[in-house]
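Below are structures written as structure tokens.
The two complexes that follow have subunit A in common; it is paired with subunit B in the first and with subunit C in the second.
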Partner chain A sequence: MLHYVSKRLLEMVPLLLFISGLIYLLLYLMPGDPLYSMLEDVPHLRPEDYERLRKLYGLDDPVYVQYWKWLWQVIQLNPGYSREYGQPAMDVILPALKNTLVLTVAAVIIGKSIAIALGIFSAIRQYSLWDYVLTVLTFIGYCIPGFWLALMMIILFAVKLGWFPTSGIISPDVVPGTWTATLDWIKHLILPIAVLAISEIIQVQRYMRSSLLEVLRQDYLTTARAKGLSERAVVGRHALKNALIPVVTIIAITMPRVIGGSTVVETVFGYPGIGRLLYVSIMGNDFVVAMTVVMLIALTVVAFNLLADILYGWLDPRIRYQD
Partner chain B sequence: MARDKKDGGLNRREFIQTAGATAAGLFLSAWPSGKAPAAQVAEKRIVIVAQRRTAGFANHGRSDTEQTGLVDAGLAGQNPVTLERFPWLAEELPSIKKGTWKIDQKNKTMVTVYRLRSGLKWHDGKPFTSKDFQFGWEVHHHPEFPLRDRLVPDLIEKIETPDVRTIVIHWKALYNEAYAIQKQQLRAWPRHILEDAFRSGNIKALTKHPYWNQQFVGTGPYRLVDYGGGTQLELEANPYYVFGKPKIGRVTFRVIEDTNTSLSAILAGEVDLALRNTIAFDGAVILKEQWQTKGLGQVSLRPVSHTWVNLSGTNPLFKDVRVRRALLHAIDRNALVKNAFKGYVPVVHFPMSPYRKVFKKADAAATKYEYNPNRAQQLLAEAGWKPGADGVLANEKGERMEFEFRAEAGRRGEEQTQAIVIDYWKKIGAQCSVKNMPGRLLNSEEFRNRWPGAMVGGHNLVVEEWAERYHSAGTPTAENRYSTESVTHWNNAQADAIMDELNTIMPEQRAIQLQVEFAKLYTRDLPHLPMYYSPEILAIKKGLRGVTPRIESGGNNMNTWNMHAWDKT
Partner chain C sequence: MRENKMVGANSTKLAAGYWPTVWRRFRQHRVAYVGLFFFFALILLVVVGPYLVLYRLDQISLSERMHGPSLSHWFGTDELGRDTWVRIMYGGRVSLIVGLTVGFSTVLIGGLVGVVAGYVGGRLDNILMRIVDIIYTIPRIVLLLVLSKVAGPGLVNIVIILVALEWTNAARLARGAVLSYREQEFVLAAQCLGASRWRIMLRHLLPNALAPLIVAATLDAGAAIRAETTLSFLGLGIQPPTPSWGNLLTNASTNIFIAPLQVFLPGLFIFFALMSFNLLGDALRDAMDPRLTQVRR
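After this line comes the complex of A and B, so read on.
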């Protein structure tokens, strides 16, 4: 297993290099001019000023030189300086990443737990009233755009009822480091977590239901029932683990969202996370930040694929990796 | 049943425990931190929201005039309501009468003398002296410093500081704004913080110094407590501020990019002031009807800029001024603003704020193009354009009045205007095809500042910036990478001469005369087809007093210029 993991880790290096080169090129080819947006309100701007700034910011270098400069800095574990934020890139990325992780990890844990529970419930009560209700709700959920749901929740719970703040991460009038601040922070998190969790529930609940239904029809479960095991034992001890295998794949595929955040939800809730950061940096042609965030997401995709493969072995003893 | 441990791996229970502990650690590590402002709990506090993020408070990189104006001051400032300059850090503005502004017309050089107010201090309590201003010029003048606007630093020959309060500026050329240098043109930087970094010669490192944002120390009414990544500034009243400590003790300056989110925050009562179009026009109407009428606050819709339709300066279809006039006569702009903007927005005839002193005279001199489709058709016929069998205008050469019409995709007001104008033009036989693109694309070198047919856009009303917008010398070309803004291709020697003269030093009466003349020429030639004034939307919550919405946009005019005098009840 160790040899298998090491081999996969080594394979990741050229893959990530290829991804980084490709993404850098794509970002470079995107239309836009980072200087132009920076200079839009500057009166008396002369063409020579424009040329001088292009040179000073290294925007006149050919794309491969710019890419190499970026890569060299990344190798030295310093991705560079954000032109859009006026700070070292990691000083911008790390707080945003931390904020996003809190949001998405909570949403994933809550959402996926509820989804798995509801999926099991639907499967073991197939064609019951509750199964139909859940199916209808899921399809309604599929049809509702995330931003609209977020806005509706803001209007209902923040504007009309005043239970939660509309946006942001902390209220201005609380003293940081106190329990009031913690409570305030949790209040800020509830609505965005709820919106993200609902999306998680919708995505996973149907997979869990169909996967468990598939497993419940297997012969070995008929045997287990014939042996006199209770339905709870049949489902909990024998069916669930096998039913989880495809769900793990789905979860692994969606996990990069945990790092990548949700641009829409973060924008609507004015939440300073990585999704919004990525959007802003791409729109502002801030290659340093955009590239670092995209590479973080790429790394997560590759890492979670590896993790999923390892988890298969844990969930299904029949799967073994050859050294 | 827990899985047995194998090969030192985790069993399910351990896995869950570890995952739980990691999640809890992550949750706690993200606990918002900051400096505890225990002493300020009882202070008056306001929340301001804006849409534009800042990357700092310097004159290089991305910054915003409102945020910068809260934390820093200049030698002079500008009242955004009267547009008069006032001495800010300076005791008084240099004047020719008092001999503190000397002009050598023969050699085209000048000297201005600024005297600083006594007892000036930086936010950190260190004395602010004339040497700091001289140092600021040295930094801005350095060729490797990526300053956005080098006009003023480059016009200065040298700066002398005979004592800690006196700044003597020697100018290489004549400059009509030399008597009122504002912070975005040139300002002081704290030598006690930046001088070592500057003298080390590593200018690149200096431009990335945390001073410019996270550790900013200025002279403005508020000092920075927490930078909040530029999206949530925490500010506290500056006890050393030149006009006295502000009445409102704490300010939170939040950036909310989504207009719906801002609207919700205002309706929920979380915001005291929403600046500069943080809410969209539709949102402003909602606020007017549902919020202002209940006495919860006030919505200001000041016409600070204007929207135009431009007909390509390089397209031969529009060379004849009669065609441009006809196309303007064909649009019912009054109906347009009534329907699309519920009458909150007035029609514009030339690029000048209606609040300017000279406006009435200029307005009287300007030609007006009222809605008159018959006159439009008559003018088109005079220019050789007659409707063909399919109703589309054609001339003797067989050319048809068909052209592309661009707007920035996603800008609802402009797209709406485009649709309405197209409809009006169709009625007189002009056929347009829509080609809208996102701002990113419109601002790219490939597309910016030029279009083959028509384009709806807008800009500010600042008379002092007319030259950038209308002077033939600023025409965008391949040589200047289409970076200049005189998009109209207006080539009128008389207008150029007016703009040149307006940038020189002259008596007020002459300036008025020139501006009136410009309005006359503009409305005669129609370099743009002026549509309507564009409002700047401000939402001011009940209880906040002292806010004076600006009459013009532009970097010199801040809505927060007098924040030290604001109060909250």
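After this line comes the complex of A and C, so read on.
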């Protein structure tokens, strides 16, 4: 097992290097002069000053030299400065990461537990009216694009009913640090959390249902019933354990969303998280921030994929990894 | 398709031939009709619809700005007095063209790559599947944003980007099918008869991978429409004044307090399109699954 994990960890290195090189090249190819946003307010700029700055920032180097310099800095945990904000990239990213974590952790906990409960309910009442209704509802939900769902929630709960604010994270008129400010903050969170939680429910409910149905068909459950166990014990203790294994794997694979946030939902709600930062930095040519955010997301994806594989082998004794 | 019959000869349930059976099971599928109905209704709407309305796509009427639904403007007008119904129908052209072209091309390219990777194997297979892995590893939204920023907006660029990201699905399916068939006797027979590699791949293996590929094409078309509308919504896809369901939504959402109906409608049509492709995909999957003899529902 240890051998397997270390082998997988070693494989991650070239994969991440390749991804970083590919994304670096793509961001390098983006239209727009990197010096432009720095110099647009500077009058009397002579062409030789421009050339000197290009040299100073290493922008006249070929792309692979630039990449190599970037990589060397990142290995020393120094991703660089944001062009847009004139601050270290990490000072821009960390507050956004905090905001995203608040949103996504709440949405994942709420959404996934409802999804698992509904999935179990659907499976033990297969072909019942409720199972049918839930199946149709999750299918309809699956066909609704996220940004439209978010806009519909805004129309219903913010515009028509006026219960929640339409966007942002804090109202302009509240004093920070008071109870009203906390309440105001929670009010801003509810709609985006609801949209994200609904998409979690839609994705996981079907998995839970089909996974439990698969297990319920197996012989060992007939044995459990034959020895006189109640249906509750059969499903709750014997079936559920095995049915949850693939679900746990799916949850682990989808976990990077907790770090990466949702670009669409955060953009619609004007929520200052990682997903929106990714969008804003790519749109605004903020190279260092975009590159750091992308690598942060790629790292979590790769790490959680490995975690999912390890979890799967650990939870399911039928699976053993060969070295 | 001689080899299909040879495979079919082993299992009696395919006695009527594979494709007639699929067609029969597809027709028994109730959900398929809902999907087909929405599909043809949308096609009819975007192809014929714009000619049946009195307004042109970019006909501005400043005296009729932000009107609600009326007899002359069924779904109201936007902030320049342009008729929303006409713009939705034209926007549908863009979205459906993207969906259908991407669905078709991903399967063509991905299917070919998958068949070659599966049959040739070895180092080529390794490289191709590594590329697939990498495209899977990088989150879709990152690649969509970066690639569309690099390539710039426009219909052709969007189609190219979506094909570049979505051929992977079809490639995996085709490779899987080829791996399970390439050791079978009909391939050996073809090899003994001196058939060339390409002939074996295209005439003998590809038809056997066709069922999962057709399903993939349908589902990929839906995924492409979802991605195009998302990109256009974020301002990276189709640019106004050319309407697309995505940018109609962005435009309308700035006036969400005054005219919520304008936000509701384009999204409703995206929903219809996604629903029709997903229903068709599900129905085709059920109809083509050789393990099922009877279609459920």
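Everything below uses one rule, namely that the second predicted complex is superposed on the first by the 273 of 323 C-alpha atoms of A that agree within 3 Å, B and C clash if a C-alpha of one lies under 4 Å from a C-alpha of the other, contacts with A are read in each partner's own complex, and residues count from 1 in each chain.
Definition applied: a contact is a pair of C-beta atoms (placed from the backbone, for glycine too) under 8 Å apart; a residue touches a chain by one contact, two chains touch by 3 or more.
Computed from a predicted structure; not experimentally measured.
In the superposition on chain A, A:141 contacts neither subunit B nor subunit C. Of the two partner chains placed by the overlay, only subunit B lies in contact with A:102; subunit C stays clear of it. Once chain A of one complex is fitted onto chain A of the other, the partner contacts of A:21 are absent, as it touches neither subunit B nor subunit C. When the two structures are aligned on the shared chain, A:30 is found in touch with subunit B and with subunit C. With both complexes placed on chain A, subunit A has more residues touched by B than by the other of subunit B and subunit C. Within the superposed three-chain model, A:267 lies in touch with subunit B and with subunit C [touch as defined at top].
By the touch criterion defined above, A:151 reaches both subunit B and subunit C.
Of the two partner chains placed by superposition, A:246 touches none, neither subunit B nor subunit C. In the superposition on chain A, the residues of subunit A touched by subunit B in one structure and by subunit C in the other are 30-31, 151, 154-155, 159, 166, 267-268, 283.
Against subunit A, in their complex, subunit B makes its touches with residues 1, 7, 9, 23, 26-27, 29-38, 41, 45, 47, 53, 55-56, 58, 61-62, 65, 143-144, 146, 148-151, 208, 210, 212-214, 229-232, 234, 250, 252, 254, 256-258, 260-261, 264-265, 267-268, 270, 440-441, 443-448, 462, 464-465, 468, 479-481, 483-484, 554-555.
Taken in their complex, subunit A has these residues touching subunit B: 1, 30-33, 36-47, 49-53, 56-57, 81-88, 92, 95-96, 98-99, 101-102, 105-106, 109, 151, 154-155, 158-159, 162, 165-173, 175-178, 181-182, 185, 237, 267-270, 272, 276, 280, 283-284, 314.
The touching residues of subunit C, counted against subunit A in their complex, run 133-134, 137-139, 141-142, 145-147, 149-150, 152, 226, 229-230, 233-236, 249, 253, 256-257, 260, 263-264, 267, 270-271, 274-275, 278. Remark: subunit A residues 15, 18-19, 22-23, 26-27, 29-31, 139-140, 142-148, 151-152, 154-155, 159-160, 166, 256, 260, 263-264, 267-268, 275, 278-279, 282-283, 290, 294, 297-298, 301-302, 305 touch subunit C in the complex.
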